[in-house]
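Data block below; observations after.
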Amino acid sequence: MHAPDRPAAPPATPAPAATQAAVDVRRASVVYPSADAPVHALSDIDLTIAQGEFVSLIGPSGCGKTTLLRVIADLEPITSGTVLVNGLTPHDARLARAYGYVFQAPALFPWRTVLANVMLPLQIQGRDKAAAEAIAREQLGRVGLTGFEKKYPWQLSGGMQQRVSIARALGFEPKILMMDEPFGALDEITRDGLNDQLQQLWQRERRTVVFVTHSIAEAVYLSTRIVVMSPRPGRILKIIDSTLPDARTLDLRDTPEFMALAHEVREGLADGHGAGHGGH
Amino acid sequence: MHAPDRPAAPPATPAPAATQAAVDVRRASVVYPSADAPVHALSDIDLTIAQGEFVSLIGPSGCGKTTLLRVIADLEPITSGTVLVNGLTPHDARLARAYGYVFQAPALFPWRTVLANVMLPLQIQGRDKAAAEAIAREQLGRVGLTGFEKKYPWQLSGGMQQRVSIARALGFEPKILMMDEPFGALDEITRDGLNDQLQQLWQRERRTVVFVTHSIAEAVYLSTRIVVMSPRPGRILKIIDSTLPDARTLDLRDTPEFMALAHEVREGLADGHGAGHGGH
Amino acid sequence: MAARLTFTQRWLPVATVLLAVLALWYAGAVGLNKAGAIERVLPNSHPNGDWTVSDLVSVTLNMERPVLPAPHQVAADLYSSLVDWPLDSPRNLLYHAAVTAQSTLVGFVLGTLLGVVLAAAIVHSRTLDRALLPWIVASQTVPVLAIAPIVLVILGSLGFSGVAPKATIAMYLCFFPVTVAMVQGLRAPQKIETELLHTYAASKLQAFWLLRMPSALPYLFPSLRVAIAAGLVGAMVAELPTGAQAGLGARLLTGSYYGNTVGIWSALVLSALLGLALTLAVAALERLVLRRGRAA
Amino acid sequence: MTFARDASTPVAKAVFALIASLSLAAAFWWLVGQAQQQPDFKPGPLVAPLLAVLFMAGLSVRRLAALDGQAWYGTATAALFGLWLLYFWQVGVTLFDVPRVLLPSPAWIGQMLVDRWDTLAGDWVQTVGKAVVVGWALGSGLGFAVGVAIDRAPFLQRGLLPLASLTSTVPLVAVAPIMVMWFGFEWPSKAAVVVLMTFFPMLVATLAGLQAPAKLELELMKTYAAGYARTLLDLRLPMAMPFLFSALKVNATLALIGAIVAEFFGSPTVGLGFRISTEAARMNMGLVWSAIVVAAVTGSVAYALLVQLERRVAFWHPSVRSK
Amino acid sequence: QAEKVVVQMKWVPQAQFAGYYVAAAKGYYKAAGLDVTIKPGGPDVSPVQVLAGNQADAIVNWMPDALAAREAGVPLVNIAQIFDKSGLMLTCKKASGVATPKDFKGKTLGVWFGGNEYPFLNWMAKLGYKPDTDVKVLKQGFNVDPLLQNQAACISTMIYNEYWQVVDAGVKESDLVTFFYEKEGVASLEDGLYVLEGKLKDPAFVARMGKFVKATLQGWNDAVKNPAEAAKIVVAADPSGSATLKVQERQMKNVATLISNAGTAKMGYLEPAAYERTVKVLLAGGSSPVIKKDPGKAAYSHAVFEASKK
């Protein structure tokens, strides 16, 4: 609805061929050096995400979901293998501002108002103040926070803070959105609402989304593909293509199709889980 | 299984008549004084919990669940109304050590080992060291943490920490167990496991449990009664008696009976939610 | 910071900086002593004024009464003081270091105790919190050196002599950082931790020992490092009004009166080393107590 | 009747305790005056009533401290406490006939503050207006600048920090004469002492403050591809503010003490330190203590001002927010 | 049973106080039935405070300080005057252009404060100079650096100590100009023994002090006669370990010149005329004199001196 009449994001990345993958991970492994024994966090990951896909990563605690996301976002180096983002190395993609990242914690700056927090990435990109403010206000509106612009983060509840951080990530219209359990700390109802909004946003703008979650329902509801991971060393156990229609509403969750998918994910998880339980 | 051969808890409270309610809340209201406008957290709550019940409180964020639990536990004064715990005021009940309280965060002391953390309430109650240690080891065994006694809290994962805090609350055999979103921070699989254990524990010992949760499935799975609350000012919208059998397994969750209950809770929540969304 | 540094990673920077300091020191010695050397020393050795720059440099680095003695002069003075005299001789600087260390340590222990007790009283009493805390801050703006002579005389007339008066001055400087840190530390337990003990109906005393004290330890130790340094300063300051008796402070003073600049610097270097040793001792104590470590 | 009801509110209790204790104190003061008229004056019999006044004084402070609701109650409590301190000092000095070269009475100190305020004002300008302000600003500024500069050089940090802790144990009594020797008698040598004393606390605080941002926040800036300067300005400096302020506060008292003590070792014929040392040698303890009072008030006011400023600048920090 | 006597010196242990240390080291005090404690002083030790705080029976002090203390409420009384001449002087570098007191104008002069500034101010008043306008006054620390560093044209020195430090630092005596307060007619009495007035009412105290002064004078006599031996004793008595033989022996020789009546019966006797001369100097100290009114004869007593002759 809004996307078409906004100026396109500056062509910082060489305009990707339509067929070029948004994220392309090949035989990637990550080993954390450690005092006693090195930790094999990811082992031999192969994953290709096309432009416009919504991919969820799900798996038991400590299986390497965050690590995988961080590798793609150039926050962690890989030990072996290759990773390409829009055909570039993660480092170049980051400098080209190809993605927005939403951390599990809101990570708002307490000395900035809500509005100023959302304006931060825009200011860093050198947008002029008026434009940045307009965009920030619009994004805050989208996550239902109009009227809270002048508040400070600590004056908001946890859920509201997380919504601010989502607005902040959306503001600069990144090609790829990476979200690490963005709704982990929220109550079910608020979470449902935000799931709904995120779903609609994706519908509208079809950005590529890589999404980490613990919740099976959330993964099934949001994704076009669900990547199920095994406990340490993190491997991809199963990739499930969603059979749900692209346009979704929350009611969908009571359909047998939804339940079947959820069941499939749960089974996938249970297969890998047995050994890992309690050991993380 | 264990309960019968253990000595009964010391009769700190005057042995309650079998018919005496464990918790009796009458027309209780709580108003938080505040700089701008006082916050009406609870308004006119009436709730009676019988001995041996498992009652869940569910409701949107900020509706006053925690406040209600804290009022019962003498962590917060009420503004009007009366609260009785085992026939005593909350203050006297606390001094009589009538209850154990599990906070949302594990609240373990980082300078104490896991074992020492579980021994803490026993030491405060003046039990001798050997006895306290024996009880602590047993409780740790029950939550599946044998072998971790000498570790420090920060060497454990979040789920394990929360299990330590549950073991700590169970150790001194309180008549009433109060739990404020004890599993909120855990991943779904670990959470399922702990739900199962808690359910079995309640089966065995039939302590009175007051349980706060955001998860509908959790509430339905565990409770004998579910109290649905409305957004601020917190009121009781609906009290749902469980139609499930007392003995439960996780498979139960796929039964139509379970789903019907879950649906009823969700509807109750949705009724009260509309107005409150975004306003906490 | 990085968990473990290799030997070179740890010491190479220190060595480099030390070398830089030494180089600066030599340069400073030449620069500061130049005028005096030209005026007073070179005319004696070269009455006709035919001295060269190298003469000048060698003279500035070996003057009897320099503005800034060269490092090797200080080292030689320290060495001869430590080696040529028995340990119990007032000409051995270690003897003076021991005297100063003694009053520092006594003052430090008393100051720490006072600081902890005051902090405990303040966190438990609203009256003390409101009435006392501002005055404790104000007390530290009183220049100690100004009141030390009076304090010493007053304590003397009350029958305290020997280490006690010096330790009292050291204590006066020590207790403040400890009090401030402990007030913060004893209040560090989070609400949830306090409430946990509340649900156990724990007494105030139990809460103090089981929760407040352990939470305060991470605050206490950094303040102890500050306190021991402050205590050393206090002990040295207190040595001045006892007359030129023993101790590094007295050495600094008499060095100045006897025009012995090199002596002043030896005492200065030794007092810095003593400070370092005391700080290291506190750090070692910290490691001992917090050995079990905790999540950073 | 009304009285009984009123007395139950905390404010009424406090007012009552205040009035009662002050009148008792006045009565006791009169008693001391009377007793001293006696030729064979002995303080012994007056000790019991003294204890009574002491008790009432304690009670009045307690009652005042118990009040809630007004911001100035806290200040008032501290002020009342100080007032009682002065009162008992005066009484003690009078009662036990302490020689005034040892401990002057507050009355004499106050007298001197009034009589010699022009002298003290000149001293204040010399010591605070020149040495302290310049030294404090320069020392703290340099510490900050060097901190920012070596923040990215762990090599220099590892080398300089041990040196920093070493120099912080060198007593200023040793440094002051050297600085007088190097920089002369006027205020620059005092400012130099102050620079030396304030530089390292600020350096250490700056380094600690710049390290304060958590990994998460740094990574956030990284995902925006923010450069060093941006990260410094938008994240690390704001985050460092509470650290910088605690160093500024510590430095304020250090600077004052440093400048005063440095004046003991040579100075022009004006300055608080000069006044304290020369008047002490002339047994004019009233003036000595009034100079000390000027110094202490200056230090406390500077401290309080910095606390206020901190509340403005670091308003977001939990330690400020909770107040 | 030896009677206890505690005496507080004015400065750090040095030959300036040789008489006391010699009397102690050679057992003269013991022989007089006394157990004497000699407390060293320093710039931060105020002997008057020590006396007022009951930490000493007698102190060594200069008269300006003693009379100022008397006015400030500590009733000091001189019981014996050891030095009958003043050793205080102003030492200038010729290079700074000072040859006579007339040349002080516009120059920077280092002065010891704490009582010692009054003879100086008196002198300046006599010369018609206003301090801080005609001459710049520095509060001098207790060393000679200001002169060596050329921070001052002249500095205060004692003939027995600081003057020689200047010379030891390499400045030739021929490059120096000196002005003695004694010669300028503005001298005040230096090292003497003082006690609290009230104590003199007690005959036992007077008797004890008499013994003390007698033994002390004996010590001074030895010290004046044998400076080398006195220096050795002083160096041994220095707990800071900073004093050296060479310096102390030279100091002792110079101190001897200030006790011009050593070996005579007048040694230790406070000449009323000298006393009055000092009082006049102190009363005349320009705008703010050391003492505002003449203390009269109450500020000294010959009772102890007479007792020491018994």
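In order of appearance the chains are A, B, C, D and E, and numbering begins at 1 in each one.
Heads up, the rule we're going with is that contacts are C-beta pairs under 8 Å (C-beta built on N, C-alpha and C of every residue); 3 or more make two chains touch, one makes a residue touch a chain.
The UniProt protein names, listed by chain, are A, B = Sulfonate ABC transporter ATP-binding lipoprotein; C, D = ABC transporter permease.
Predicted model, so just to flag it, every value in this text is computed and none were measured.
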Chain D reached from chain C - shortest hop count over touching chains: 1
Touching chain B and also chain E, the following chains: C
Cα-centroid distance, chain A relative to chain B, in whole angstrom: 33
Distance between the centres, which are taken as Cα means, of chain C and chain A, whole angstrom: 54
Approximate Å spacing (C-alpha centroids) for the pair chain C, chain E: 35
Shared-contact residues (touching 2 or more other chains) in chain D: 102, 177, 181, 277, 280, 285
Chain C residues counted as touching two or more neighbouring chains: 67, 145, 149-150, 153-154, 157, 240, 256
Which pairs of chains touch, using the document's own definition: A-B, A-D, B-C, C-D, C-E, D-E
Contact footprint of chain D on chain C as seen in their complex: 5, 9-10, 12-18, 21, 32, 67-68, 126-127, 129-135, 137-138, 140-147, 149-150, 153-154, 157, 225, 229, 232-233, 236-237, 240, 249, 252, 256, 264, 267-268, 271-272, 274-276, 278-279
Residues of chain A defined as touching chain B within the complex: 60-62, 144-145, 157-160, 184-190, 193, 214-216, 269-270, 273, 277-278, 280
Of chain E, residues touching chain D in the complex: 46, 48-49, 52-53, 65, 68-69, 72-74, 113-115, 117, 131-132, 136-141, 143, 145-146, 149, 151, 290
Complex contact set, residues of chain E against chain C: 9, 12-13, 39-46, 49-50, 52-55, 141-145, 148-150, 165, 168-171, 238-244, 247
Touch list for chain C against partner chain E, complex: 35-36, 40-41, 44, 64-65, 67, 85, 89-92, 95-96, 145, 148-150, 153-154, 156-157, 240-246, 250-251, 253-260, 263
